[in-house]
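Listed next: structures, encoded as structure tokens.
The following pair of complexes shares a single chain, chain A, combined with chain B in the former and chain C in the latter.
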Partner chain A sequence: MDFLTTYIVLAEIYVLLGLSTNLLVGIVGIFSVSQAAVFGVGAYLTAFLLMHTALPFPVAVLLAAALCVGLNILVTLPSLRVSGDYFVVTSFGIQLLATAVFTNWTGGTGGANGLPGVPAPMILGHEFLEPTEFIALTTIGMGLGCLCFWLMMRAPFGALLRAIREDELAVAALGKSVLGAKVSAAALAGAFAGSAGGLYATFLSFVDPSSFDLDASIFLLTMVVVGGARTLAGSVLGPFVLLALPQILALIDIPTSIAAAARQLIYGLLLIVFMLFRPQGLLGEKL
Partner chain B sequence: MSAYLQVSGLNKRFGGLQALRDCSFTVGQGRITCLVGPNGAGKTTIFNAITGFLVPDTGHVEFQGRSLDGQSPQQIVRHGIARTFQNLRLFADLTARDNVLAGMQDHVGEGPLGAIFRPFHTARALAGKRDAAMAVLAHVGLEDRADALVRNLSYGEQKLLCIARILATGAELLLLDEPTSGLSGAALTEVMALLRRLQSEGKTLLVVEHNTRVVQQIADDVLFLHHGHLLAHGSPAEIIADPKLAEIYFGGTL
Partner chain C sequence: MLWLNLLLNGLVWGCALGMVAVSFSLIFATTRFFHVAHAAVYGLGGYVAWSALKHGLPEWAALLVGIVACGAVGALIQKLLYERLDRSGATHLVILIASLGLSAVIQNSLAAVYTSNVLQYGLPWGNRTTVIGGALLTNTQMLTVGFGILSYLGAMWFAHRTVLGKRMRAVASNPFLAEITRLQPRQVHIAVMAIGSALVCIPGVLVPLDLGLQPFGGVPILLTATIAVIAGGVGSISGAFVLALVIAVLQNLSLLVMPGEWSIGITFGIFVIFMLFRPRGLFTG
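The block that comes next holds the complex of A and B.
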């Protein structure tokens, strides 16, 4: 039973990341391959605050989310100057930079060994130790994230972001601020990724650089591609489907050393197959 | 009395090409002014300079006595000037109505905080904007196509939608870049009728137009541009009667 609960908790955390990635890549068309880096900063900061200060869990996560808002605006700003393919390269650089910092800043991040012993969240004197308790937190987090996403997409803000993806120049010609809308979207994507980081660090009680590297960023893109770009349903379905894959592989009796490679292989194949035969994903629109 | 739109001494050089050369003209309020000239004469460059998409090397643009120099495209729309594009630049994956909505200047719900924390206020505002958008679509005769995606509209419908989208901004001065190009028959007649109707409602139109028949039928004033310089201005009859201009326009050199 714990197995299933752990799966749901992780999938719910990744839904927040799916929303973050879908907002930038799917809706605004800022092709970021560094969302895992922002996720990582949220995780590390929450872990650090809970281990070294007396700040309560909600405050630590809020601070982490706030930092990620600022950070994501900064890393997205180049998209105002360079567009399309050029931004992907910039974003790739940002991801490599972040991995280098996570791996080598031993004083802050514990380096390659990571930070073990992140305390479990404590809210109003209650400690969320077990996955069966933690699931309440991630469900609330995911629910809030989905609600925000849904409200934004049905508001004129959603239409504005979609219009920007199609033609920034035309949006400017209609008297709208492209800069303002992009910064807002980046801020929200940062808030989603940062709070996902906080939940992730406290759930696993351990953070290390391997969860936030380029592979992780590509995994986030795979979630969006498979689930479906630009829709709430796609952002929710993607993580649940992709995180189920390792569990299914675990049921088949293959050695763990092969399982990891098989997983990468399947993610890669999924990306190719979906792009070729179903670019709109399971429940989305064409990217 | 100052002109409604006054363009004075515009110069713009792109590398070795002098796109605009000491270009000056005025546009009278409530009139349809056609900007004509051979390809590469600088017509679209003038549009870009007026609407803030291009900063001229020298020169000034004044609208209703106020300087537009150094203003962004966004600010210029707020002054009441909006433009269409020769290559349309519609949002192809949005519906006709959402394209019109994108032009509206009521900014309620266009930020994330309003959308999230004032959902009911946003929903009410959106309902109002939808009605207003329908009215604009009806005005150009596209009310039946409100929910169609732009890429499923005919070319003529897309041309009309371009005009609807800038009407939604509430602009008084409309800059239309070849609104009739590629159209013929009923679609052409429809666009021409719309332009006249807009004029009768008090709008001022500056129109880039290639079709001399259209110019003859809709223009009050004609500006003839050649090599980025205003070569002549006058009534359509005067411009068309000038053999020198006809020579330039129909393939001669000067």
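The block that comes next holds the complex of A and C.
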């Protein structure tokens, strides 16, 4: 039972990350492979604030989300100047830079050992220790995220973002601000990733660089691709399917030494197979 | 004379990086999409050569086996994956995601077969040193410089003097015109992928000769090389090679003022700033 609850809590956190990635990659068409870096900054900042200051949990998460808004705008900015494939290199670079900081800045992030002992969230005197309690927090978080995403897709703003993806020049010619729209989308994606980071750090009570590396970014991308890009349903389905995968793998007898590699290998295969035969994913629209 | 040593190391490292940059430049300029899996092919080459060596082949034959294997894998990737996607009208984003997936598949297969621990070639001659003009160089370093210069000259000769090279540049500059003048861009793409992938096997073997093999070692190297390709101006082989030398020397000299684990971060930091102000590269108009 606890096992199932943990799975749901993690999947709900990843839904927020899926929304963040889907918004940038699927809807606006900014190919970002550095969402795990932003996620990591959110997690580390929340952990740091809760361990070293007396700030209450909601304030810490809000601060982390606010920082990630700024950060995500900053890392997405180059996409305004350079297009497509060039931005990918920049984005890869940002991810590698972030991993270097997480691993080497021992003073702030605990280096490769990470930060253990992040206190459990406390709201109005109630401490959320057990997964069965924590699930309330992540469900609210995921619900808010999905609501934002749904409202945004229905609003004229959502249509504007999709139009930018199809033809940036035409949108600019209509007198719409491409810059403003992209910056707002990046801000929203940053808020999703940052608050997911806060929930993640407090749920596991531990953060280390391996959760936020390039593989993690590729995992986020796989979630969006498998679930289905450009739709809310896809972003919700993807994490639940992909997080169930390691559990299924655990049933097959694979030596533990290659289990991690086998998992990444399957994510890679999924990416290829879906791109070849079903680019729209399970519940998405054609990429 | 620390700085002189660093300068030399930088030049040697630059030759290795230059080979990766030249190979990637050939592919990127022609096919026009970001072939991330090139990093995995780089890693594959080293492991194939390692296996060949452990099966008793002499060094030169092991390198040759690696080169042929990488060339074949490159051609297969283009034929079975990229061309298929391209025919179905896939966008660059779709091809890129598939390439990323392929990269994960190859690298993790290597990790599953050879474990993700560092593997050494165990060739004692690689570390023997010679003094040339007051500087100490290992055999591996001299080989790297030699192969680097040869690869650069070879790529220049190939692109400008051979029929296939000219076809390649024609396809790169105008795919549509190349199609209607029956230069058969799809065949050119396969050939270029084979040549680029074969070429990247050389640094893929020479760099681990010093540092040891790791399944995921290719990604930072490919990205640094890509910076050289973009900064040098896409399509310019000389630009890619020269910029690779410059970046490698700067990375090494930066060790004078800061610890080594930050150098990749600084490189990408500078690149991001560079992209904001001069996105078309140094050597183009």
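To be clear about the criterion, the second predicted complex is superposed on the first by the 286 of 287 C-alpha atoms of A that agree within 3 Å, B and C clash if a C-alpha of one lies under 4 Å from a C-alpha of the other, contacts with A are read in each partner's own complex, and residues count from 1 in each chain.
By definition in this document, contacts are C-beta pairs under 8 Å (C-beta built on N, C-alpha and C of every residue); 3 or more make two chains touch, one makes a residue touch a chain.
The structure presented is a predicted model; accordingly, all values stated were derived computationally and were not measured.
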{"item": "Touched partner set for A:A64, first chain B, second chain C, both or neither", "value": "neither"}
{"item": "Touched partner set for A:S184, first chain B, second chain C, both or neither", "value": "first"}
{"item": "Touching partner for A:V118 - first (chain B), second (chain C), both, neither", "value": "neither"}
{"item": "Touched partner set for A:L24, first chain B, second chain C, both or neither", "value": "neither"}
{"item": "First, second, both or neither for A:L169, with chain B first and chain C second", "value": "first"}
{"item": "Superposition-derived comparison: chain B or chain C, residues of chain A touched", "value": "C"}
{"item": "Contacts of A:A159 with chain B and chain C, given as first, second, both or neither", "value": "first"}
{"item": "Chain B versus chain C as contact partner of A:I258, first or second or both or neither", "value": "second"}
{"item": "Partner chain in contact with A:I94 - chain B first, chain C second, else both or neither", "value": "second"}
{"item": "Residues of chain A at both interfaces, chain B in one complex, chain C in the other", "value": "none"}
{"item": "Chain A contact footprint on chain B (complex, rising order)", "value": "51, 53, 72-74, 76-78, 82-83, 85, 89-94, 98, 101-103, 105, 107-112, 114-116, 119, 122-123, 125-126, 129, 165-166, 168-169"}
{"item": "Complex contact set, residues of chain A against chain B", "value": "148, 151-152, 154-160, 162-163, 166-167, 169-177, 180-181, 184-185, 187-188, 285"}
{"item": "Sites on chain A touched by chain C in the complex", "value": "25, 29, 31, 33, 77-78, 81-82, 84-86, 88-90, 92-94, 96-97, 100-101, 103-104, 214-215, 218, 221-222, 225, 257-258, 261-262, 264-265, 267-272, 275-276, 279, 287"}
{"item": "Chain A partner contacts - residues on chain C that touch it in the complex", "value": "32-34, 36, 81, 84-85, 90-98, 100-105, 107-109, 111-112, 115-116, 215, 219-220, 223, 226-227, 230, 259, 261-262, 264-265, 267-269, 271-272, 275-276, 279"}
